[in-house]
Every structure is written in C-alpha cells, then in structure tokens.
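Sending over a structure as structure tokens; questions will come in a sec.
Labels run A, B, C, D, E, F and G following the written order; every chain starts at residue 1.
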Amino acid sequence: MLTVIALIFIVALVSPWIHKLFGNKSGWVLALLPFGSFLYLASWLPHITAGNVVQQSTPWVSMALFQVDLAFYLDGLSLMFGLIITGIGTFIVLYGSGYLSGDAYLSRFYCAVLLFMGSMLGVVLADNLISIFVFWELTSFTSFILIGFSHEQENSRKAALKALLVTGIGGLALLAGLVLMGFASGHWEVSALLNEGDIIRNHPHYLAILILVLAGAFTKSAQFPFSFWLPGAMAAPTPVSAYLHSATMVKAGVYLLARMNPVLGSTETWLILVGGFGLLTLLVSAWLALSFTDMKQILAYSTVMALGTMIMLIGLGTEMAMKGLAVYILSHAMYKGALFMVAGAVDHEAGTRDVLKLGGLRPLMPISFAAAALAAISMAGIPPLYGFIAKEIVYEAALEAPLWPVLVITLAVIANIAIVAASAIVVIRPFLGKKVETPKKAHEAPLTMWIGPLILAVLGVLFGVLPFLVDRSLMIPVASSVFGAPMDFYLSLWHGFNLPLVLSLLTLTGGILVYLVWDRLRESAPMKVYQSGFAMGPINGYEGLLAGLLGLAGWQTRTIQNGLMSNYLITILVTMLVAVGYTFITRSGLVWNHSFENMLLQEWALSIAILTSLGIILAFRNSRLTMVIGAGVVGFSLALIYLMHGAADLAMTQVLVETLTVILVVLVLIHVPKLIEVRSTTSRIRDAVVAVGAGVLMTLLILAVTAVPFDAFISEYYAEASYPLAHGRNIVNVILVDFRALDTMGEVVVVAIAGLAVYALIKMKRFGSPDDPETEGAAPDGTASKQGKSS
Amino acid sequence: MDTILPILAGTIFATGIYLLLRRSLILTIIGIILISNSVNLALFSLGRLSTENPPLIKAGSLEPLAPFANPLPQALILTAIVIGFGLLAFALALAYRSYRELGTVDQDELLKDAEDTSAAIVPKNDFKDGGDV
Amino acid sequence: MKSLILHTATRLMIGVLVLFSLFLFFRGHDEPGGGFIGGLVGAGAFTLYAIAFGTEATRKVLRIHPITLIAYGLLSLVVSGLIPMFMAEPFLTGKWLFIEWGAFDTKLSTPLLFDIGVYLCVVGFIVTVIFSLEEE
Amino acid sequence: MFEIIAGILLISGGFFVLVASVGILRLPDILMRMHASTKAGTLGAGLILLAVAFTYGEIGIISRAVATIIFILMTAPVAAHAIGRAAYKSGFKFWKGTVVDDLKTYYERSGTPGHEDGELPKED
Amino acid sequence: MNGLLVLPVAIPLITATLALLFRKSSQLQRWIGVLGMVALLGAVLVLFRDVHNDGIQVLQLGNWAAPFGITLVADMLAMLMLGISAIMGVIIGIYSIFDIDRERERFGYYPLLHILIMGVNGSFLTGDIFNLYVWFEVMLIASFTLLALGNSKNQLQGALKYVFINLFSSLIFLFGVALLYGMTGTLNMADLAVRLPQVENTGLVTTVAMIFLVSFGIKSAIFPLFFWLPASYHTPPVAISAIFGGLLTKVGVYALIRVFTLLFTDASVHNDYLHHILLWVGGFTMVIGVLGAASHMEFRKILSFHIVSQIGYMIMGLAFNTAMGLMGAIFYVLHNILAKSNLFLISGIAQRLLGTFELKKMGGLYKHYPFLAVLFLISAFALAGFPPLSGFWAKLSLVKAGLSLELYVITGVAILVGLLTLFSMTKIWLTAFWGTVPEEVPGHFGKLPLFGAGKLYILVIPVMIIAGMIILVGLNAQPFLELCMTAAEQLLDTSVYIEAVLGPQ
Amino acid sequence: MDFFSLAISIVYVLLSLSLLVSLVRVIIGPSLADRVVALDLIAFVVISLIATYAISSGHPVYLDVAIVLALVAFLGTIAFARFIIMRAEKLRKEGTHV
Amino acid sequence: MKIFLFHIILALIWTAVTATFSFGNLLIGLILGYLVLIVVEPAIDKNHYTRRVWKGITLILFFLKELVVSSVRVAIDVMRPGFHMKSGVVDIPLTVTSDLEITILANMISLTPGTLSLEVSEDKKELFIHAMYIDEGVEHVRENIKNGMERHIMEVTRGVQVRD
C-alpha cells in the first residue's frame, strides 16, 4: 500500500511533464493512476469479504523513545473509503481534464489533485497514529492548494485560508489527541488499539482525548459550527469541490470517528457529543441548503447535512446505525459526486450555477440531465435507488437510538424533508421548465465531463435494485469494522410496511410541498434570519475571531514594539532587575559582612574622585565634553585602583584606552551637535529608580559572591608554569599570549573587525535609490545635517 | 577596599544605566563606557583583592613573590577592555554615521522602527548583463 | 591644527612614541607591556600626527593602508597558531627558538609572532578609526 | 641620606602639585590658571619622579624616572600651548589685571579670526 | 586530543584574512569566500565523523591542560550546530555572489561574513565560559557591521537598536562570567560543572543562572527581551538577513542550552524554579512573537517576528529538561535554521522580481514563478510543522515531550501557536504568491527566468538545496533524530563531558 | 614612623587633596578649556600618585605606568584643543558667537 | 648627518629605557632606531638636528633654575589672598628662525612659570606669550626672554659660530 501511495505522489509530482507529453489526452492517461489504484484495492476485496484484514508496515522512524511506522491497515472500512477515493478520483481526473481544458493551470490541477488523492488514501489506509496525522495534515495542505485554485479571486484565497485554518486547528488538536492516546495505551497502531478500547475509555485522559479527536474530526467534516468553511470552499472549481466535498476530504472526519468508534465509542459522552453534534448539524444545514440559489451552495449544505447524518450514526453506535453508516457513505459518495459534477458541467456550459438563472437545459444537456436526475432521486431517498435504502436504514437506526429516539427521528425527518426539496431544486430548476437565456450558449458537456456522473448515477440505481452486489462483499465488512465486532445483515429495497417507510413517505410529501413553496420560503424573513444566524453566524464568528486576533496582535505590537529604544532597554532592565533581584532575595539572601576599616587615604580619595566624577557626569548631561572629562577621570582613577592592587598591565591598558576613548569621542563630537535632554520628570524618575536598583543589585551580588571561599588555583598554576614552561616573566602577558591565547585572538579579531567596520561606516557610500525621498539625508531640522557635513 | 570597590562598581553601573536611557545617543555611548568600566571593576574585585606583589617574576627567580595579585582577572579585564574599546569605536562611528544620514542623535526621533525597507537595501541590479555577477 | 609649535613637537614626539611602543612591545613578555599596550602607544603616535597634520600627511608617513596592516596582523596571528600544528601540537602552542649570539640573547617564539599580530591589528585599528573620523 | 633627599623631594613635589591644583582653582582667568597647572604640575610631578630615582638608586630606575621627566617636559608645554591657544581663539574674558594684548592686534592685522572679548561659548 | 578541532575557527579566520588582503578584487574575494566555506564544511564533516564514531572530542589549546588553558569541546550538540553552520556558510557564500554588490564587497563583506562564522563556530566549540564571551563579541562586531554595511537609513536605524541592546547584553554576560569566576575560581565549563555544585549558597548560583538567562535571553530574543530583533533583522541585504535570522539567534539558544544543561543543573541550582521560569518564558515568547508576525505586512518583518516565536519552542524544549524535550529543541533549532534562512533567501528573490518586500505591493509570483512558489511552500509549511517536512518532527517531538510530562497548557499553547504560524505564512502566500500581479512591477517581472539569462539561478540554487534538505530531513528523519537524541543524551549526562575535558574524575 | 614613611603619607595627603581640588575646577568650569586644563592637571596628579606608589609599594615596575601616562595624556588635551578651536570656527561661521 | 644624530639619540633613549647599557643593547637600539626612522622619516624636517651637548647642559641648568624660581613665585601668588600682578599677551620678536628653535623656545617659555606661549606669527618673526607678571613693563618681559632663554637656545642650536 505504501508503494501505491508513493506511486501516486511521484506521478503527481511529475504530472506537469506528463501533461506536457500527452497534451489533450493527459486526463485519460493520468486517470489510469487512480483507476489502477482502484483495481489494486478492489483486488483485496475477496480477502476482506472473507473477514480478513491486511496489515503492512515499514518503519519510518525507529528509536527507543520515538517510534513511527508507515503502517497500513486494510479492513472493510478503509477498503470502502479507498475504493471511493480512487474510484471517484478516476472520474475527477477525467472530469477535470475536460472542465479545465485549455486552462493554464491544468497541470497544476493534476498535480494537486493527485497529491490530495494520495494523502487521502494515506489517511484511510494508515494504521499508525502518527502516520494518520501525517496524511491528515497533507490533506489539509493539498486541499488548501485546491480550494485556492482560482487564486486570483479574492474569495478563493479567503476560502482556502478559512479551510486551512479551521481544518488546521482541528488537525493540531487531533495530533494532541492521538499522542495522548498513544501515551495512554502504549500503542501507536490503530489495529492494536482496536482491542484496547477499554484501556482508553477508562483512562483519566479519556475525555481530553475524545474532545481533541472530535475537534479534529468535526472541523474536517464540517460539523456545526465549524461547517462554515465548506460552503465557502465552493469557490474552487467544480472538479475540486466535487472531489473534496462529496467523496473525500470532508469524509476524513467521518472516517476517523468510524475508525475510532471501537476505541473511543460506546460511552455516554461519545453518544451525546458525537450523536448530538451530528444531529444538530444535519438539522441546521439541511434547511440552510434551501436558503441558497447557487447549485453548489445547495449541494454544499446538503453535504454538511449528510456528514451530520453520518456523524450522528457513529454517535448512536448501534448495529443498525453502523449498517446505515456503511450504506449511507457509499450512496452519498455516488450521488453527491454525480451532482457536483453535473453542477459543474452546467456552470461550465451555461456560464452560471444560479438555479434562478437557469431552466430548460434538459434538451441541450440530456446526458447530464439523466445523471443529475438519477443522483437527485437517490439523494431524495426515493426507491429504487440506493439512497432510498440508505435513508430507510438511517430512519431505523434513529428509531432505535439509545437516547431520546423520538427526538432523533423527528429531527431526522425534518432535515430530510429539506433535502428532498433540495434534490428537486438542483434538478428541476435548471433542467426542466422554460428555457432561460444563460450567459453562455449551453450544449452537452464533453465525454470526460459526463461519463463520471453518469456511471455514478447508474451505479446508484444498480446498487439500489441489486443491493446484494455490495452488501456481503463490502457493507458487512465496513459495518463490522466500525462496530468493532462481526456483523451480519442483508440489504433489500423492500422492507415491508413499517414505520420507516411511513416516515419516508412523509418525508417525500413534505419535501415536495417545501419545493413548491421554496421561492416564497427562501425570500421569507424567518429564512433570512435563519440563514444569517446559522450560515453567517459562524462565519462572522470566525472573522471576528480573526479580526480580534489581528487587533490584539496589532495592539501588542504597537504597545511593546513601539520603536523607542529606551523603552526596549527599560523593559530589559526591569526584567533583569525583577528576575535576578527576586531570585537573589528569595533564594540566596543578602550577604553583608564587610567594613571600610582598612582603607587607605588615597583609596578614599580615589573613591571620592570617582563618585564626584559620576556626579559631574550626571549633573552636566547637557555638556557632553564635561561628561567625557568626567568619564576620563573615572577611567584614570580606575587605572590607579588597578595599579594599587598589583595590576600594572591593566593600569597601562586602562590609561591608554581611556585616553584614546576620549580622543575618539571628542573627534566624533566635533561633528555631532549636542541634544538638549528632554524627557519628562516621570520618565527621569523611572530611569533613576531602575538605575539605582541595578547598581544596588550589582553591588550586593559582588559582595555576596566575594563571601564565598575562593580558590585561586588556576593563577597559582600560572605562577608556577609561567617562566619554566612559557618562558615569560610577566604572567599577565603570558596568559594573554599563551595560556589563554585564544581569547586574545578573538579579541584581536574584534578589534580588527571594528577597524574595518568604522572604515566601512564612515567611508562607504550609502545605498538607496534616488527616488527615495529619504536618501537625501534630509534632517528633521535641516541645519543639523548641514552642520555635520560642513565640518 | 574590598567593600568600596563593589560599591563603586554598583554606582558606576547605575550611572551608566541612567545614561543609557537618555535620548542622546552620545549619552547612551557614554553610558556604555561606564557600564563597561563597572563590569571590569566587578570582575576585578571578584578575583579577590590584594595589595601585594604584582604577578611578575623577577629575574633570577622562577615564581612571583608571594603573595601576588591574581593575574587571571587582570588578563580577562585586559581582554574585556580591548574588546570594549573596539565596540565603542564602532558605536561611535555608528552614531556619527546615523547622525549624518538621519540628521539627529535623538533616539526617540531616529529609532522609530523603519517600515518599507525594500528600496534602500538592494542596489538596482541590472539583470540584462547578469547584474553584479 | 595649524600650529608651528605643535607641528614641530609632533615630529619629535612621534619618533619617541613609536620607539617607546616598540620597547613596551618587546619586553612585554617579561615586564608590563606587550602587543596591546605597545600597539596602543604606537597608534598614539599616528593619532597625534593625524591631529596635527591631517590624515593625508599621516597616510604618507604610514605608507601602508591601515586595513592592510590589520590584514597582516591577522595573518601573523593565524601563522603563529598554525606553526605548532605542523609539529603535531595543538593550535597556539608556544614554540620557542633560543638564539645565543654572544652579545645577543634573543628568543624567537610563536607567542612573539602572535604578539606582533596583536600589535599590528591594534595599530591598524586605531589608525583606521582616526583616519576615518578625521577625514570627515 | 638618599631617603631624606627622597622624602624632601616627595614632599616638595606633592606641595607643587597641590599648588598647581589650588592655582587652577583660584587664579582668575583661564590663561592664568594654565600657568599654575603646567608649571607647578610639571615641577611637582618631576620632583616626585626624582624621588623615585633617589629611593631606588638603581641605574635602570633612574633612567626611567628621568625618561618620564623628559617626556613630561616634552609634552606638557605642547599641551599647554594647544589648549591656551584654543582658549584664546575661541574667545574669553581676560581678568581685570590684564594690561596688554598684542596677539589681538596681530590677529586683527593679519585678518585671522581670533580672540573676541566675551565669554567662552557655552558648554558642548 | 583532536588537533583538527580548531579548524572550524581557524579556516574562517584564514579565509577572512585572505579576503581582506585581496579586498580590492571582487572576483578573488568571491572565490576565496566560497572555497573557504567549502573547506569549512569539509573540516566539519571530518570532525563529525570523529565525534560520531569516538564520542566527545577535545582540544586543549596551546597544550595547556584543562582547566588552565582554553579547551575546545565538540560533543554531538556542538557538532550538529557546527554542521548546520557550515552548510549555511556554503549556501550563503553562493547566494552572496549575486546578492551582494561590489561596494559592500569592497568594504569587507566577505571578511565580515567569515569572521561571523568564526564567532559562531567558536561559540559552539568552546569549553570555556570567558572564551564564549569572546566569541560572542567576535560574532557581535561582525554582525553589527554586516547589519550596518550599506549605511541606508533603515539599516542604521535597525543597527542602532541591535548594537546598543546587544552591547548591554554582552556586558551583563561578562558580569555573569565574573560572578561565576568569583564563586569557583575557574572558567572552564567542565570544571565549573564540577565546582558549582560545591558552592554552598545554591540560591546564589541560581541568581547567577538568572543573569545568564537574561543575557542569553537577549541574544536569543526571548520574551520580553526580544525587541531588538524584529527592529533590525529585516534591514540588511537578504543574504545577511538569512544568516542572522537562521543562524545567529540560535547561538543564543545554543548558549542557553549549554549552560542550563551543563552548569546550572539539579546539582548546582534550584532547577525546578529555573525550568518553571523557562517554561513561562518559552510560552510567552511563542505567543508574542507570532502575534507580532500576524500584525505585519512586510515579508521580512513577518519572518523576523517568527524567529522570536520559534525561539519560544526551543526554550520550551529546554525547559522540559528531558531527553525527548532536548532532542526536540535541538532538532527544532536545526530545522528552523534551514527553513527560516530559506524563507529569507526566497524573500530576496521575490524582492528582486517585484522590487519590494511590502506584501501589499507584491503578487503574481505563483502565476509567473511556480517553481519559486513550490520552494516557498516547502519552507513555509516546514516552518509551520507540516509533515512530512522537517518541522513536523520538531513539532512532534516537542508535543510528545510536553504531553509525556503532562504539561498540557504549554503544549496546547505550542500547538496553537503552530496554527498562527501557519496563518502568517499563508498571509505571505496569499498576497505575494497567489495575489494578482500588482499594477506597478519592475519591467523584468514575469519575463526574467529563474534559470538562464539574468543569472537568478545563483540565488535559486541555494534555495533549492535547502528545500531539498528540508524534504530529505523530513522524509528520512531517523538519522537526524538519532543524532539529536545522542546530543540530548550527552547533555543530560554531564559526566561524559566532564570526563572528556578534565580526564577521569 | 620614620621621616621617609611620613613623607610618603604626607605626599599621599597632598596628592589626594590635589585630585579633589582639581575636580572642583572640573565642576565649576566655567568653560570647556578650564575643565580640560583641570583634566590635564589630574593626569599629572595621577602620574605623581603612581610614582609615589612605585615608592611606597616597593615595586618600581609601576613607574612604567607613569611613563605611559606621561606620554599619552597630552594627546587627549590636544584633541580637546582641536575641538574647542573647531567649535569656535563653526560658531563664528554661523555668526552665533557671543 | 642630522638624521644620523637623531638616530643615535633614539638608540640612546632605547638603552636608557631598557636600562641595559651593553653593546648588544645599543645595537638593538640602533636597529630599532633605524626601523623607527624608516617609519617616521617622511615626517622629519631634515634641516634642524644639530646640537651642542654641553650648551645643552647649560641650557638645562638655566632652565631648571628658571623653573624652580618662578614656580616658587607662582606658588606664593597662588597661596596669597588676592591678586596684585599685572598680566597680558606680549609679542616677542624672534631672532631664532628654525622651526625647531622656535618650538624649543616656545616650550621652554611655556614650562617656565609666568609665561605661556600662545602663538607664532605666520612669518615666524614673532612669538606671542601670555605673561603673568608684567609689573615691570612689557619690554622687561621681552628682554628677559631674548637675553635668557633665546640666547641659550641659539647657543645650542647654532653652535659656536653664531655667538656674537
């Protein structure tokens, strides 16, 4: 299976060249890839049907603390998803080649859609928790590229970002959930976890894991209130939306929950959270579908409704629910794929998808109509199509709901009424009725664009009429996988007169009635409120959140990153004072065992001289040269202090450096006019407090450290080794050029580079384009800069 | 002296910090000079003080006269002084050049974060002849 | 600065300063002095000259571009470090050559070469800085 | 004996240094102050350096002390000249006991910008 | 002893010296520059083999035994950092050929670049805390100069902040070194590791540790000490931005990792307290940095703020103080250098094509330069931690480390910040790449090919190489993770380091 | 205490006083030149202090520091002088001279 | 020839400061002096380096006398309350002509208390000094300098033949 996925990725990456090679026929050539994969997966079908599973594993990272395998697990569930992904994928590649024929970006489409397919296949086939996440993220990434395919339109870009962020945050939550699951159970393979459900369910982290996994699944599967990204994603070209939103990406969440059902499911929390969200989503979105006139929007919300249904079924967790889930997923993939593709074909041929601007296309696009009609009938749950079987079982499962079955079935019926109406809208409005002038002159879509929908629609009929084609071979393994135990059932079109059938009739009737009043309903005030509440609400929430975040970001940047260096410095200083001072006082404590007793007179004089000079420096802040003189006195005094403690080299260096420093500062000051200090008293006091604090801290730290017993063993070694081994009598110099010569080398490099730096700073021409008004060196006060240059 | 030196170091440090926060870059630089001096002094007193013999070996002997002043901090401070001097020269030149280009040494005026940086950074490269290559 | 007294005194002083800087440099291994200190004093000579006569004149006196001086300084640092490596000893190991020629007792060593590098870099550095700032 | 000479040299040296500093504190204008600083300072420091030579009495130390004195004698007047000339050229007020200023006449004659009566410019 | 250990320092110095001697000839300097970088890479690879096969390598410079002389120590962490530094050196060396103009070359760009690398390598290798200070200064002066080289208004503005804040931080560092010396009488880090636990006043050692946290914190731009970074890193030429953004800040992180695993350990400080603080610092750094990135619309400013944010992850890994956490932190450092540098390099190509770094004035890159877009996507999504790119493993190991320690809040923050990272990366993507071609673009936009005439390929090839490495590390993570794990394990068991430097205890 | 030790103590007192007295001139100025003169004198005081210390410590080697200071201290003074002259010229050129 | 003298002086300074009066050290001093000359040679005005050593000694003694005497006078004035002297800037017409002579003269004037060299005229014919004590008149100051300091210096710099 790794080979298949890798092959898909590789072919995806080279697809632009394949496209170049085969030109118009490239769609057919590239469709061989998903089709081949489909056949490969299908070849496992007998094996799976026989109740076996397939496991393959290649170690990716294999370390004591870190084990990630590229492990794959093929059972009924993953096989069905794999078949859907590759099967519909085949049609999508073909469809895309027609839809985007002549588009400059067609090769990029191939590349992205195949990458997406590979990722999606990876998600459903992966066994290792981490590799599930890997592929999961890859689907987020590739879908981002696909949704933003028409990137020159603003709304496309926005939709792509929305999808990426929403599914991205879910993905990250999922990662945390998966890792926690791994830690909780000690297993990193789903196949192993399937038998360890109890460990997880009884683990203290169960709730956290559950919520994190659900966050991943719900965002991906567009459960309310995260559903808002999906309709927006319809900005993508139809091949993309058809693929992503009928068969694949949005179903990743469904897949994940189905996969995790044996591990995380069958608890009350699961039932309430998963079932509840599913139910809420299916109810809300079904009716939202009716508030739009864009075929793809209608289909998008009906998709959300279908996803809600699937999630709800997983939440219910009963055998009937599992059976329903299996059938519903398959049937939905077929009819929704077909409908999306037809919607795209209509858009492609007629130039619009707005059902109000369409009508009477049937004679012009007969095949598309046929496909659409069959698919819509399936979606509406009308016999003998497969969708009918699915809906029947869903109703049955709802009736058997472990909690509040009446509520569940009522809501399910109400939602399905809207879906029936929606099915009618997407077929009757564009294809039947009066011919309407469309932006483009409509005619039948090319073969590549109708073959997929038609086959899918026909399969819907086929499976409906002859359900045994898939039930034993696929549906039972699927349901068993999700249920976590072997199941056995038959599917049939006719269930006898029972409550579900009655409810189906009720649904159908209701749906037709709603369809008839749709135009008025759509325009009615409650519907507007409903739409703005449930469709726009989450979007506004998202956008508000984003705006809030950006606002916060802007605010914090303006506040703390305000460009004033003194503010940066004061922040740093206060941080240092607080961090070091607090630690010092609380952890170490002050040390004070010092006296001034044995100080000599000249030492007092030097100290007073230093303090006086500091006073001069502070007092003459508006006379820079006086400050320089003060600093010079400090430097000379320090040299004397060094000297009086046996440091002749140091004193010499200090004297020399101090003198040269004075010269350099003076040379610079010749050119730079002075600046009268203007700061508020408040900030001066603040600065003074910080400065005094820092000074006191430094003093106390030195005193505390000098109270620690000291061992000058290194210097004693130097004293012994200096002459006999290093042939030098000046130990300081021997340290500099021998014992610690590397320091000196670094230091000389600093000096050397400083020389180069000053040279470059002063001598180098300034860069800047002549059209940059700033480059003329215009000074705020004009004169200042002239002064600088004149001297 | 081993009490007054830490106090002096702290005082010089405090003065340096206060100057560091002034608006004029020149004052900032003088602040850096003082801070640098204070840290050197701190290092000096942390190597423990001695009013004894310098760490020099007289001709004819193999070791300095004990007790001798700790030579290691001296060497370290020497290194630090020279490094500090190099950096100071750079800072001065930078302040000077900034003044020439920006017309002021007022931090608050000239240090507002720059916004569009594109034009000034990269010289116009003529691609036709391969530019600067 | 235009001053006859300063100019004449400077001509005298730079000789003294350079000589004294060499003195400080050469005895540095045994008594206070060494590459930095010597270099700083030597650079003081050119600083004085530059202040008194301007940089153009000083450039003529120095004849070598100060950046090149820095480069040679770095070169001798590197060479002094690498020499012991060719004798299979660690970088910067001191290697000594004692020459006894009766009147002279000279010691040549890699630390000396190292210190020469220090000297050249320090002189080059300060002269560069002074030249740059003075010429403006 | 040497110790006593050294002691006297030391004390007189210290005395002249102190005189120099009191001089720059007390004397009425900048040029007057420079008289105190350059001369008394040189003499004071020179005497103390001589004291070093006498204390140790070794040829090496004597030669160094003398070298230091020579260096001071070489540099101090140049510095004094430079700063005195700068002070003069940048303008300042002579004290009331000043009776003659030939340099002003010379500057006016030669058109060199030079001393104008008045306070030195405010600090920079 | 391994005499070759000095080469990562010596080779750049030699190269810089030669480049300085031949500074009149641009052509010669470029050759010297690239060859020097290649030689450095070769030397590092040889050393890498030694460290990998024989464990920690040590060189006592000047043949003075530790702790009396200066010791160079190459453990796995140092080697990994050296490796990435050498790789970046080669990359930037090539990129500079086109990116850097003659004027900058004339004024010492190449010597400066190599001295910068020398300082970086010295910091990684040194086993002496004062020597580390010296290397920091070498690095600083070179970086100061590279930042200001060109003297444009923005560069000077950025440089001023960078310079003064970093000068201050260096002085604090020096003060910290002084305090350490005052407590133990030694500067050798292995010896310090032996002696610090013997200091009775543990609280005092903890206080000194805080000083190091502040000083290195400024260098590595952690909250709330990071301001200088986003104020300056977007101003110099791109090659310099890249090496700054990629490599330079990580030296601060390296230093933090080094001192907080070797010197300030359970034995010598109140370590829970320190790691608690580190955890908070890491969290805030992530959040504040990423918010800063979210609020800007300039290509390189976004990248600069991201640097800050991502430093937070590394600090978090350090704070975890487990093998997994450290491994994650180290891996994060390495990956981040690759991805971040590459994004800077891409920004440079984009700027050359579109004439600006302002996102609002950019667009059309995806349309006209899809290959560049792919390179950007690889780097950007690697930065956001997307599998199977390098960043994924960094993120995964940190998440695993955090969750295994049951530190849910910080892990959650880390995860959320990842999303915000993604957000600001897509901001660049949506405007500069997916956005429509702006009305005013330079005449060559869309016509100038990435390869061929115009010689843009000199800029593109380095980007391709890094992108390839990002993918390679992502797909074949095992050896890299193993190396990082070895490094982490060496960090946690200080006795090996101590024994390698000081001999059997 | 013999005369020599007394002399040393006295000279320390005198030099310490000088140092502080010179600082007073730095404080009161009034002109930059006055302060520079004071700084120049302080260099002499420091030279004297070093020389005295070379005696009192018994280490004539410290004398070398005095030599260095004697050689370079005037450089600073000359730089100041240059500053004062250039500033005066600048002010004169701008006609703001008082 | 004159540079050679300078050379010897440098070598002697070397031996003085290294404090090792041996032939070897003198040789080193000469070599170093040579190096120094190579370095500073372009800076040296080649015309003014002859000197008479014994005249020099006379000069030094004269100078020391002046230094001490007038230092004492300054000291007294500094210590005495109030200032009663007259001072001013005086021009001294110069007999000495060379730069070196003028400089030595000016420096000696500066070093002797009570006088301070401020400026030399462009034509090198006048030296302007600030004199602390001109109580006895400007001419007295001029005479003192011309007959004292300047004459001594000329005896050194010009040798015997200039004496008149």
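Everything that follows uses one rule, which is that a residue touches a chain if its C-beta (ideal position, glycine included) is under 8 Å from a C-beta of that chain, and two chains touch if they have at least 3 such contacts.
If you're wondering where the values come from, they're calculated on a predicted model, not measured in any experiment.
Novice: What is the touch distance from subunit A to subunit G, in steps?
Specialist: The distance in steps between these two chains is 2.
Novice: Could you name the chain whose Cα mean is nearest to the mean of all protein Cα atoms here?
Specialist: Here the chain at the core of the arrangement is E.
Novice: Across the interfaces B-C and B-F, which one involves more C-beta pairs in contact?
Specialist: B-C
Novice: Can you compute the centre-to-centre distance for subunit A and subunit E, using the mean CA position of each chain? Integer Å is fine.
Specialist: 25
Novice: Taking each chain's centre as its mean C-alpha position, how far apart are subunit D and subunit F in Å?
Specialist: Here subunit D and subunit F have centroids separated by 10 Å.
Novice: Provide the C-alpha centroid distance between subunit A and subunit C, rounded to the nearest whole angstrom.
Specialist: Result: the chain centres lie 60 Å from each other.
Novice: Taking the mean of the C-alpha atoms as each chain's centre, how many Å separate subunit C from subunit E?
Specialist: That pair's centroid distance is 36 Å.
Novice: Could you list the positions in subunit B whose residues touch two or more of the other chains?
Specialist: 20, 42, 46-48, 51, 53-54, 56-57, 72, 76, 78-79, 82-83, 86-87, 89-90, 92-97, 101-102, 107, 111-113, 119-123
Novice: Residues touching two or more other chains, restricted to subunit G: which are they?
Specialist: 13, 17, 106-107, 117, 119
Novice: Please output the residue numbers of subunit F that touch at least 2 other chains, ranges allowed.
Specialist: Within subunit F, residues 13, 15, 17, 19, 29, 32, 36, 38, 57, 61-62, 64-65, 67-68, 71-73, 75, 78-83, 85, 87 contact more than one other chain.
Novice: Can you list the subunit D residues touching subunit F in their complex?
Specialist: Touching subunit F from subunit D are residues 3-4, 6-8, 10-11, 13-15, 17-18, 20-22, 24-25, 30, 33-34, 37, 41-42, 44-45, 48-49, 51-52, 55-56, 58, 61, 64-65, 67-68, 71-72, 75-76, 78-80, 82-83, 85-87, 89-92, 113, 116, 118-121, 123-124.
Novice: Can you list the residues on subunit C that touch subunit F in the complex?
Specialist: Against subunit F, the touching part of subunit C is residues 1, 6, 16-17, 20, 24, 31-33, 37, 41, 44, 47-48, 51-52.
Novice: Across the complex, what residues on subunit F touch subunit C?
Specialist: For this pair, the touching residues of subunit F are 61, 64-65, 67-68, 71-72, 75, 78-79, 81-82, 85.
Novice: Given the complex with subunit E, which residues does subunit C contribute to the contact?
Specialist: Where subunit C meets subunit E, its residues are 67-68, 70-72, 74-75, 77-78, 81-82, 84-85, 88-94.
Novice: Under the stated contact criterion, what part of subunit D meets subunit G in this complex?
Specialist: 15-16, 19, 22-23, 26-28, 31-32, 34-36, 38-40, 42-43, 59-61, 63-64, 66-67, 73-74, 76-78, 80-81, 84-85, 88, 94-95, 97-104, 106, 110
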